[in-house]
Amino acid sequence: MTEFIWPVRVYYEDTDSGGVVYYANYLKFMERARTEWLRALGFEQDDLLNELGILFAVRRAEIDYLRPARFNDALHVTASIKNKGKASLLFQHEIRAAGDGQLLCRGQIRVACLDAAGFRPTSIPEQILTVIPDGG
Amino acid sequence: MTEFIWPVRVYYEDTDSGGVVYYANYLKFMERARTEWLRALGFEQDDLLNELGILFAVRRAEIDYLRPARFNDALHVTASIKNKGKASLLFQHEIRAAGDGQLLCRGQIRVACLDAAGFRPTSIPEQILTVIPDGG
Amino acid sequence: MTEFIWPVRVYYEDTDSGGVVYYANYLKFMERARTEWLRALGFEQDDLLNELGILFAVRRAEIDYLRPARFNDALHVTASIKNKGKASLLFQHEIRAAGDGQLLCRGQIRVACLDAAGFRPTSIPEQILTVIPDGG
Amino acid sequence: MTEFIWPVRVYYEDTDSGGVVYYANYLKFMERARTEWLRALGFEQDDLLNELGILFAVRRAEIDYLRPARFNDALHVTASIKNKGKASLLFQHEIRAAGDGQLLCRGQIRVACLDAAGFRPTSIPEQILTVIPDGG
């Protein structure tokens, strides 16, 4: 599994009066893809929180908005690992039109593993790290 | 203080591709007014949570959408108590155009006091109840 | 098709710092169900807008919040017609935990057909009305 | 006016079940600051759309999340011009705690001027460009 694809439908809630998806909402779509990617690897984030006391938090986001998505569009949101560290992961995301595959939006998101109690950086648990593919 | 007014500006984030404020977002505006009303009475909700272990949760909402608000509109959101119980409050909200006062949206929201640990109904602390005006 | 069920997963974007789904976001879930219900009947809302010049707008919402949904919960959102008029539809929605079926939230939403140009009430086109089941 | 400051209060709507402001919502705060900055310069975006047929759309965002903002926090969101082009503007934003001024989040947002009809890049109208300060 080097690239993971999650389908997203654009609803009214995602759009703005410019007639397109509101720029902050692409970050929601990318997080849905990261969440489902982690679930596909066998990890539920509420279990990670309750059993291991960790959560993942975004440290940095770089987003390029290339073409607008619109109401009722069917989208494909990808998630892949670009760089895998001991305590953080760099994700690469692409958002494409489901129909013709045109690239609409691209993101690089750095996510850090935090202990939930103190919100401080901590190592990604070994059981997770071993199943995350190396980036590249 | 029988009626409290909180100004709200409509940004792109609040609108949808229909060109108007998205219907769920009026509930955000009403909650901002309730929060600021409570602050004006002298209560900060993070203190209520940390010191008294309580929070307020919505039990029921009735919203009438009369005329749409649009991008960049200046709005006045009111909050007033319609009914004051020992463990819950019924709020009346109106959202009006700031310019001509035209009524756009009206809501009745029942809010219950919960203990934050167990999410169970509990009495509104006396120190709060005494300063909340009677409804009517 | 008397009841339509649409699955919704709760992501971080849907929750608030009370640890539960933010109260306005249940309205997003209900609209996703209405949209997918209409799609299942054969109608795409962007086509309705572009070809017939109509859109559906919410006139009134009554929501009962019974039990909170939480981060990572899998939900089932139902949509069914409670009352079918010439120019408006009354929807009944239920939001249940996908696992044990426990009822979390219930809504009645009145939706009016509007001409998109003037935002005025208009009749639901006959081709749509004939395939919408009678309420009850 | 080399730096513009817009106050933002964190409401429940802005937070997530991690107990902090949801990462996409900082982009909403930054856009509110850009909108109010433009208003302070004398320009209303609905007038720009209706009278000049232009709107501003985000092309690229770089966000660094340094420390989390939490429920009920009072924030100061700054907007300043880092680079001023003929058809696009590069904004620098900082989000600080209103109390102690601690830096929580930093963003660079490139905004392009588009003709609203075709969503194509166009020059920023001269009447706007002349009152926008040079970046640096």
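Note that the chains are named A, B, C and D in the order they appear, and that numbering of residues resets to 1 at the start of each chain.
As a working rule, a contact is a pair of C-beta atoms (placed from the backbone, for glycine too) under 8 Å apart; a residue touches a chain by one contact, two chains touch by 3 or more.
As the structure is a computational prediction, the values presented were derived from the model and not from experiment.
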item: For chain B and chain C, chains touching each; value: A, D
item: Interface sides of chain C and chain D: same vs different residues, half threshold; value: same
item: Most widely separated chain from chain A, with each centre as the mean of CA atoms; value: B
item: Where chain A and chain D are represented by their mean Cα positions, the distance between them in whole Å; value: 23
item: Centre distance in Å when chain A and chain B are each reduced to the mean of their C-alpha atoms; value: 33
item: Distance from chain C to chain A - Cα centre to Cα centre, in angstrom; value: 27
item: Residues of chain B engaged with two or more neighbouring chains; value: 12-13, 18, 20, 24, 28, 31, 70-71
item: Residue ranges of chain C in contact with chain D within the complex; value: 12-13, 15-20, 22, 24, 70-71
item: Complex contacts: residues of chain B adjacent to chain D; value: 9, 11-13, 28, 31-32, 35, 44-46, 70-72
item: Interface residues, chain B side, partner chain C - complex; value: 18, 20, 23-25, 27-28, 31, 55, 57-65, 68, 116, 119
